[in-house]
Every structure is written in C-alpha cells, then in structure tokens.
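In the two complexes that follow, chain A is the common piece, with chain B as its partner first and chain C second.
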Partner chain A sequence: MTALLEIRDLCLAFRTDKGPAQVLDGVDLTVAPGEIVGLVGESGSGKTSLARAILGALPVPQAEIASGRIRLDGVDMLRGGKAAESLRGRVVTFVPQDPLDSFNPLFRVGTQLADIMRYRAPPAKEGRFGNARHARETAILEMLDAVQLPQSRALLDRYPHQLSGGQRQRVMLAMALLPQPRMIIADEPTAALDVTVQVQILGLLRRIAAERGVAILFTTHDLGAAWEICDRIIVMYAGQIAEILPRTAFFAKSRHPYTRMLLASLPEPGREAIGISGESASPLSPPPGCRFHPRCPMASDICRKARPLPSRSEDGHLVACHHPWAAASSPAHV
Partner chain B sequence: MNAYSVVANRLVWFLPTLLGLLAVVFVLARIVPSDPAVLAAGENASAEQVQETRDRLGFDRPLLEQFVEYLREVARGDLGTSVYTQQPIIRDLAERLPATLELTFVGVLAAALIGVPLGVLSALHRNSWLDHMLRLASVLLIGVAPFWIAMQLQMLFSMQLGWLPLSGRIDDVAPEAVTSLITIDALLAGDLQLFLSALRHLVLPALTLALPGGAVVMRFTRTAVLDAVTSPSVAYQTAMGLPRRVIVWKYILRSALTSTVTQLGLVFGISITGAVVIEAVFEWPGLGTYAARSILHSDYNAVMGVTLCAGIVFAISNLLVDLLQMVIDPRGVK
Partner chain C sequence: MSEPSSPPLLELERLSCHFPIRGLLGRRAGTLRAVDDVSLSLREGEALGIVGESGSGKSTLGKTLGGIHDPTDGVIRLAGEPIATQRSRRPLSVRARLQYVYQDSGASLDQRWTLRRSLHEPLVIHTDWSREHREAKVREIAGAVGLAEEHLDLYPHELSGGQQRRAGLARILVLGPQIVVFDEPTSGLDFSVQATVLALIRGIRRMFNLTYLMISHDLNVVGSMCDRLAVMYLGRIVEIGPTREVLGRPRHPYTRSLVDSLPRIGGPRVTDRLGMPGEPVFPADMHQGCGYRTRCPIGTLACTRIDPRLVIKEAHGVACLEWRP
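And now, the complex of A and B:
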C-alpha cells in the first residue's frame, strides 16, 4: 500500500521574541488513501501546525522548517513550488476550525462556493445547452445536498453570519469536497459547534470519506471524537509523536503513559476523572530526553537523558517510550 | 438597520447640526473687529450714511434678534443679498457651487484611483523599497501646504512644459448650462473641443486636491489591507489554493474598502472647505473664492450662505458614505 501522505522527520520552529520555539520535532507519519487518521493532543502539542504545514498556510515570516519533508501524492509540498501549489485546494483540501472566521463576511455564501468551484474544482460536465456557470451551480447544489443542507438554493444568497454554526461547517465541508480531493485536512472541525451538531458533522465526515474514498487527517483534542471516526489515532505531545494506535488498540491497548493519562482524564460515569498534573512542555525550552518525563509517573533516569525511540509492533501500533505498558494490561489504573 | 432608517436617522440630525453650525459662524463673524456697515456704505460715505446703512441692515440690533430674524429669512428660502455683488446670495451660490463640486468630484475620484491601488501594493510589498518610497511620499504630500503643491504643478506643467492651462475653468464661452458642470454640459452640447478644454483646465487643480487626498486614502487602504491579509478567511483561501489575484483584488480589497470609503467621505468634505486656497491659486470661480472674498468684505450674509451650503454638501456626502458602506458591508442590513 503506497502512502498518500508521507511526512518524514519534520522539524518546525517559530521565531519568537524569546528565541526559536520548537513546534514540531522529528515527526514521522503516513496516511494511506481513504484512511481516516486522528491527530490527538493538548493545545500546543503541534497538531494544528502540522496540519497547516501540509497546506502551506503557516505564518510565513515566523515559521522555519528546519528539516524533513512532506510528500503528498508524490509531490514535495515544502519545496515543490508550482506543483505543490496546484495540489492545494485540488488534491488536498481544508476544513478549518472556525467556520465563521474562515468565510469572508462581506460576500454571499454562494459567491465563496462558486469561487472554490471555479478555480479549484475540475470542470463540471456541461449539458448540451448549459454554460459553464450553470453547470457549476448545479454541481454546488448537488454538493450541498450531499452534506445534508436542505433548501440550499436560498442558502446561496445568504451571508455567512446568517447561517447557524452547523450550517456553516456543512458549507465548509461542501467547499472541501467540491474539488474532489483525495485528502481532506480537518483542523478541529467540530471545536466551534454544539455537542449534538458535533456528532452529526463527525458522522457526515466519516460517511463521506467512506463513500468517496477520501483520506482524512483530523486534528482534535477530543479523544472521544477521534475514536468515533478514525482508523488510526496519532497521539502527539510537545511536538513529538508519542503513540500511534490502530483502531483495534483504541482505549484498551494503549501503551504510552501519556495516552493512558489522557484517557483517564476523560469524564466517565462511575469513575473520577483524573487530571494530568504539571504544565505542557514549553516549546521554547523543551525538557531533555523524553519530553513527557516531568509529568510522567514512571519516569526514570534514562527518560531524563535519552529521547525514546519509537518501537513498532506487527499490528502497526507504535509507541515512543522507555517504559511502555505491556500491550495486554488493563488501562484502568494509572 | 435598512437604508430607509439610515436616511431617516441622518435627516433627524440634519437640522440641529445646521442650526448649530449657523449659530457658531454667526457669532464668529460678528466678533471679528471690523464694521460691515462702513464697508457696505462705500468708501466716501459720511457718518450719517454709514449710520443709515447700519439701521437698514439691522447691525445695531441685539445679536439674538438678528440671528432669529436671519433664520426666519432662511426658512423662507431667502439668504439675503450680498453687499458686494448686490445679487441675491442664493443666486451667487447657485452660480459657484457647481464649479466647486465639479472640481471636488474629480479630485476625490482621482484620489481614490491613485490611493487605493497604491495602498494595496504598499501593503502587499510591506517593508520593500516600494513600500518605503510610497509611505515617504505620502507623508510629504500630506505635510506640504496645498498651495505650494499647486504652484509647483503650475510651474512645471504650464509654465515650463506648457502642457496645461495655468488657471481658470474654460478658455471660451461656457456651454449652455444644464447641469452647470462644464465638462458634462459640453458633452451634452456635443462639443468635444470644449469638453477637452474644460478637462485640461480641471487637471491641475484636481491633482492638487488628489495628491494629499490620495496619500490619505493610500495610508488607510494600506492599514486595512494589512489587517485583512492576516485574517483567518485569507488563511483559509490560501490553504484552499485560490489564486492570489482573486484573494487580493476581490476579497481583501472589499474588506479594505469599508475604511477607505469613510476616508473618501472625509477627503471630500475637507476638499470642499480646502477649496478656498486651491481655487484662489487657480482662479477657479467656485465657492472657495467667493467665501474668501465674502470674509474679506465682511459680507456677513454671504459668509453665512457659504457655511449653510458647505454644511448641506457635507451632510449629503456623509449620507452617501453611509449608504455606500451598506453596499460594501451588508452585515448590518436586514
């Protein structure tokens, strides 16, 4: 199986007034065609920066990619120039975190959809008497239908602020799908939504990915949401990958202490939620060795000195820890 | 708020604003230490004749009584007679206002055409040599006195190069007055020669208005574009690979225009009042030269008439700016 997205040893730093902030450090990951991968971690773990690096939407003057590469569909997305440019918005599209801010407030929803369709989508099939504009509108209306937006024609004449949060995110989803991409990068796509709407959007995302064979890289801090729809979960901590779990290993077989503590911090009936003490590692001066060691109950001398190398088991489960939990042990008590 | 309530709101404030404006100018004109009766009666008038003139014009009555009397006349549509031209002031104004409006319209239009594109370029090439040059030029143009700009333009373009006429509004007889805007009247009369002559006379005075005006517009456009460039909606469109020209000249420009239009309204108002100086340099037969002469001759009613006229024009231009804002930014519109 050849990978659709392949990231190797990606290191990314932001220049700040207090010196360089290491946002990503040696990130390796692959996404297969049609696969749904969740990137999970606290704020500041680097998951959004990773998503933005793929899209070329980093804050340009401050961001510095020290090393590594990102290949999408065989094209180098960091140094690919025009070739990479033409993939963005065509082969890989984007569903942003805040749909309201991501629309231009001064233009009708229909105009913004039409521009994506016009500049990024493959030419719509023209009917015998239809013109290109008409064909595009038909394609847009069909897509709005597919993301379950009823009365879509009236919607096109509205302005973004006149839509509900759920409607806006569905339109964003439609805009991500119109170019018929092979991959969608969804950056916390449900963070700005009500819980009930979150569930609907996630369900929609999963169904669309399955129907159309689109791969999804989905960042979230919500383990539950990731578990709902992902084939694999990548747990990140302080710019590094802590653990990659295949679907079969969700919850029950996690091995990294951080993953287990994250799971334990979820509120559940019949059990106290346990918080993770301490603060997330500062990207300005990350701790030596394993970045999680100051907060880890199992930390020993080696954790303070050497960065743990990832070890992979045959089912694709990867963990970067000097003292991982045995694969079979129960996660109930940490 | 819809368009009707904006207009209604403006109209409610219109009368009190004008009343206040008139009251201030009425008092100011009478504080000035000169005796209008002496000037009105003529150079060789005897003391008795001066007294007689004073009685006739009512200058010895209480200030409040004079003001109420004046307002009563104005309400009847009578602005009084100019002591200097011996004509009804309303006729003087009707003759001169179109000349000033024509000049100001062309000046503000040119300011927008110069300022907006340069502002966008300056913002997009932030901190480049182009940006620095444009910002330096704008500071100079805003800082330098308009009459100095006017004289430099005259020296270069009419005295040295001989390309454009030095002063005045037209060479030949004015065309039949339909709109009293000579350029348009010439076109209506089908006289291309006359139109070109009027246009050539317009260039230098309009440019004198447009250079500092355009500099103001440029600076505000630059700031607004810089804001818009870093907005989440532009980040989204960039990530989706929309062509840069569409993002800039369609989406960012519209966002920037909301503040630019407000500035254009102000530039228009300032140009109407600033016309005094520019019209004097170019011997432009407009409101400005009339106002200057009225003040010099203590022609009270004429000064009041000019004030009233400028106030009304200002109010109308503000209303137009409000309506234009609603077209550009439809969010507040129901």
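And now, the complex of A and C:
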C-alpha cells in the first residue's frame, strides 16, 4: 500500500537566544491510509513539533528545517507552495488538545461550523430548492450526528464556553471531519478530559478511522490511550525515534530500554512504579551518541559515541538501540 | 469504621462546603454544593485516596481541610478536637499539624528567595528555635527528600521541575505535620517523573510514618498510593473502602464505570465495549434523588426521588439504592 504520509530524515531546529535547539533529528515515518498511528513521548520529545511541521504550523522566524522532506498524498509539504497550502485544512486537518483555545469565543458553534463548510469543505450537494445554505446545514447536522452529539440543532446556537469538555472535543472532531480529510492530526485530544469521557472520544476516533478510512496521527504522552486505539506506535525520545511497534508487538514485546522503563513508570494498584531517574535531554546541547544514554542502565561506551542505527524486523518492528532487549523476552512488569 | 482502641486522627462529620451562585445584580440565584454531607475518618499512619472526575468536589474537600475554604456545615476534628467551624480563624498550631500541598508544590516557592530561606521560613513562623537548630532540621529534611546540600543555596529557577517538587515537599515536612493533604501531586508531570515523585512520597511516608490524604483524578495513582479509597461524585462520597475492595469489587455503578474506563495495556481494548454515556450534570442543577441517575445504567424510578445514604458493610461503604449485600 502506498503511504499517505511519508517523512524522510526530518531535522528541525528552533533558533533561540542560547543557540539552535534541535527539536527533531532524523525522523523517518510513514502513515498508510486509514491507519491510526500513535506518536508517544514525554514533554520535549518533539511529538508536537512533528505534528506542527506536517501542518505547516511552526513558528515562522524561529523554526528552521535543516533537512528532510514531508510528502502528503504525493505533495511536498515543505516546498510545495500553493499545492501544499491547498491540502492544509482540507486533506489534512487538526484536532487540538484544548478545544476551548481553538474556538472563537465570540461566535456561536453553528457559525464556526458553517464557516468551515463554506471555505474548506468540498461543495455540498444541492439542497432543497437548490439552496446551498440548506445543504450546508444538513451536512453539519449529519456530521454532529456522526460524532454522537445528540440534540445537535440546539447545540448550534450555543457559544463554545457553554459546552462541556467532551462536547467541545466532539465539535472539534466534527470540524476536522467536515472538509472530508484523508488524514487527521490529533494533538493529545483526550489529555484534558475525564477518564469516562476519554474512552468515548477514543472510541469515536477509532470508528472514524474504520468507517471513513481516515488516517489518524495521534500524539499522546499516555501509553494507555495509545494502546486503546493505535495500529502502530512510534516512541520518541528527545527528537529521535526510539522504537516503532506494530500492534502485534504492542508493549509486551517492546525492545528499547526507554519504552520498557516508560511502561514500568505507569502507576498501577498493587505495584510500585519505578520511574526514570535524571532529566530529559536538553535540545540545546543533546548528548552525543544515543540521546537516552545518560539515563539508560544498559549504556556502554558505544552508546556515548555513536547514534544507534534503526534495525527493522519483518513485522515492521523497528528499534534504534545498541543493546536492545531480545525480541522474545517479556518485560518485567507483564 | 475505626476501631474504638485507636481514635481517628482526622474525622469529618457531615462536612459541607457550598458556594452561592450569583445572578443578576449579585442576587443569590442558587447554591453550588461542591462538597455535600461528607463524613469520613482517617487513622494514624493511614493513606486515603480521594478520586473523582472534574466537578466532583474532591479539590474543594481538600481545600476545606487545608483551611482555604470555610465549611458551610459540619465539623472537622483533628485528634478529637474540632479545628474548623464556620468563620473561625484556624489557630497557628493547627495549621502546622495539618498541611495542604498544592498541585505544583514547587510553584509555591518564593522566586526571590534561596531554597534555604524558603525552608527556614515555616520554622521561623511556627517555632522559637535557634538558627542552628532550624538549620539542622532543614538539612535533615532536604536530605530526606533527596536534595543535596548545595541545592539549598540555589533559587527556584535554578532547580529542575522534579527538584522544585522535592523542595515544595520539604517545605511541608520541616514542620513535622501529622496529616498532609496532597492535591493532585503529579498532575502535569510526565510518567517517568511522576513515578519518581510517587516513590518519594512513599519513602517519606515510611520515614515519618506520615498520614495523608491524596486527591487525584487518576485511579491508578491513588490506587497505587493509598490503603483506602473514597470515590466522589457531585460533592458526595458514593463509595469508600479498602483500595483492593473498591477497585476489585466496586459496589457503586459509577466506580464500576471508572474502573472499566481505564485502558489496560496488554488487555482487551476498553473502546471495544461501549463507554459510559453522558457527562456529570452541573452540581447546582441537582435537586432531588441520586446525582448519578442521569448516567446510571441500573437506575430505577426510586433513584429520582430518594437520596441514597452511604451504607457501610465490612468497612466498605456505598451510596446506591440498588446495592444489595
């Protein structure tokens, strides 16, 4: 299957007063149509910058893409000019972490949905008496139905602050779906939600991907949320990809020490979580070799000198580590 | 619930904290029952977790305990003596014994003070110790939370996020409190850092035989840190009991849905089953009956009229009309 999104050797730096901060370093990844890919990492891992690079939403004077390319649907997103611009917000759309920041607080939800329909969505079918406005409204109500929002007509007259957190995130999903995209980039879409609402939104994302064939690139720090919905998980550490796990190798067969230590950090009743000592690598002066080596219990001389090259097994499992765990061994916590 | 031989260290009796909702021209338009008729007790050395979703009143409960809000009704007793009543200033001695730790305890450090000065301050206020005596205590506690001596001369911005939290904890511990209220102690932290902070709290609990109340929205966090759990919904405790019982054999349908909503890495996907529909109603909109009835899968007509009371059997309490022993 040809990839919908293809990123090769992406290196991104932010110019700061203290020199360039290397946020992404040699990132390679692909996303197939209809696939849900989780981008998992802690703060500073570069997952949000990667999502923003695809959307072309990086801060303009500071961000500098040193090398690499991003191709979406065959279009070069970094040097594509008008062609790339026409994809953004149409072929690829965005669901933010906190939807309240992304709505305009002064306009009713219905107005904001209608604007998306008018400027971003493909022209709606002719409505009753050839009325375009009526057709747009029908499409919006259908979409709110699809994101499981009951009494959607009453909802259209409300202002964003009058909606609950779960309702706002559903409306955001509807806005992301209205342009009929082939890919949605969701940046921690459930981080601000309660656990019972999180399950609903995660289930909805899965249904959207399955029923509409929309690919979802889902950034999260929550391994549990990633486990729920992803077909593949990309674990990032300090701007580099540490491990890519297919669904079949999900966690139980993780090979990178960082992935395993992250799993052992999860709190669980009846077990004392271990945690990872030390601080995440600074992007201003990343450690040489493997960026995880200062915190890694397996680190040896080679880890301090050479960056580990990724090795890929047949099932698509990729690990970038000089001393990976054997594929068969099961992690301590399972 | 507590054995008669050991009186509870902390006791809440029918504690309520209500806030007025102001309408037009400041007229009272309603009442927000943030904490409503909560009773519980805590023995020495015990760790109690309070868990609930946003709007459940768990933070208001913690702040009322910490003396930040005055209770509207009810009594808080510390070692048998009432410490909080309506509109009475809490004596200094009580504030040293019951400490409240904010979400980001590091942010409560003064940015223009060295760590040493921040750690000395509570002792200056609460004790008449000599400088040397205070310094010895500060060093002891700093060591206990894993801060090196050279950290004491640094300013908060020179510390990492994890070190700031340690410093915030040290500031609470220098006074040797009997009870600590942790309000979301790890919110906003990465999992790897969260685990080290939780390990630190576990360590100081063992070291100082600390009694604490931990408030969190994360069932896994309180489940791994507490002996007993109280589940709150719309200002009420709907279930309370030993952690293993509450998580393993939940009696309230709300607790069950919380437990069922947790993703289990390696297990079946939770999203394969149906998630709980709906979201909590606004606490002020509830007038009668069980607060959970709007989302409850097993609710009956009686639930719309009768307010369920907390029924305690074998140290495990539940407020649900449908529960049968």
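Everything that follows uses one rule, which is that the second predicted complex is superposed on the first by the 330 of 334 C-alpha atoms of A that agree within 3 Å, B and C clash if a C-alpha of one lies under 4 Å from a C-alpha of the other, contacts with A are read in each partner's own complex, and residues count from 1 in each chain.
Just so it is clear, a contact is a pair of C-beta atoms (placed from the backbone, for glycine too) under 8 Å apart; a residue touches a chain by one contact, two chains touch by 3 or more.
The structure displayed is predicted, hence computed values, not measured ones.
Engineer: With chain A superposed, do chain B and chain C clash or fit?
Structural biologist: Here chain B and chain C can both sit on chain A without a clash.
Engineer: Kindly classify A:R120 by the partners it touches after superposition: chain B alone (first), chain C alone (second), both, or neither?
Structural biologist: First partner only, chain B.
Engineer: From the CA centre of chain A, what is the angle out to the CA centres of chain B and chain C, nearest 10°?
Structural biologist: 80
Engineer: Quick check for you: in the superposed arrangement, does A:T196 touch first (chain B), second (chain C), both or neither?
Structural biologist: In the superposition, A:T196 touches chain C alone.
Engineer: Of the two partners chain B and chain C, indicate the one touching more residues belonging to chain A.
Structural biologist: C
Engineer: Going by the contact rule set out at the top, does A:A32 touch chain B (first), chain C (second), both, or neither?
Structural biologist: neither
Engineer: After superposition on the shared chain, which partner residues are touched by A:F251: those of chain B (first), chain C (second), both, or neither?
Structural biologist: In the superposition, A:F251 touches chain C alone.
Engineer: I'd like to know which partner A:A146 touches here: chain B for first, chain C for second, both or neither.
Structural biologist: Neither chain B nor chain C is touched by A:A146.
Engineer: After superposition on the shared chain, which partner residues are touched by A:D98: those of chain B (first), chain C (second), both, or neither?
Structural biologist: Touch partner of A:D98: chain B, not chain C.
Engineer: Which partner does A:R90 reach: the first (chain B), the second (chain C), both, or neither?
Structural biologist: The answer is first: A:R90 touches chain B but not chain C.
Engineer: Taking the superposition on A as described, I'd like to know which of chain B and chain C A:G56 touches: first, second, both or neither.
Structural biologist: first
Engineer: Minimum C-alpha distance between chain B and chain C after superposition, to be given in whole Å.
Structural biologist: Minimum C-alpha separation, chain B to chain C: 6 Å.
Engineer: In the complex of these two chains, what residues of chain A are touching chain C?
Structural biologist: 42-43, 164-167, 194-200, 202-203, 206, 221-225, 227-229, 250-252, 261-277, 279-280, 334
Engineer: What residues of chain C sit close enough to touch chain A in their complex?
Structural biologist: 53-54, 160, 162, 190-196, 198-199, 202, 217-221, 223-225, 243-244, 247, 257-258, 261-266, 269-271, 274-277, 279
Engineer: What residues of chain B sit close enough to touch chain A in their complex?
Structural biologist: So the residues of chain B in touch with chain A come to 231-233, 235-243, 246, 250-251, 254-255, 258, 328-331.
Engineer: Which chain A residues qualify as touching chain B in the complex?
Structural biologist: Listed in rising order, the residues of chain A that touch chain B are 52, 55-57, 85-90, 93-94, 96, 98, 101-107, 115-116, 119-120, 159, 161, 175.
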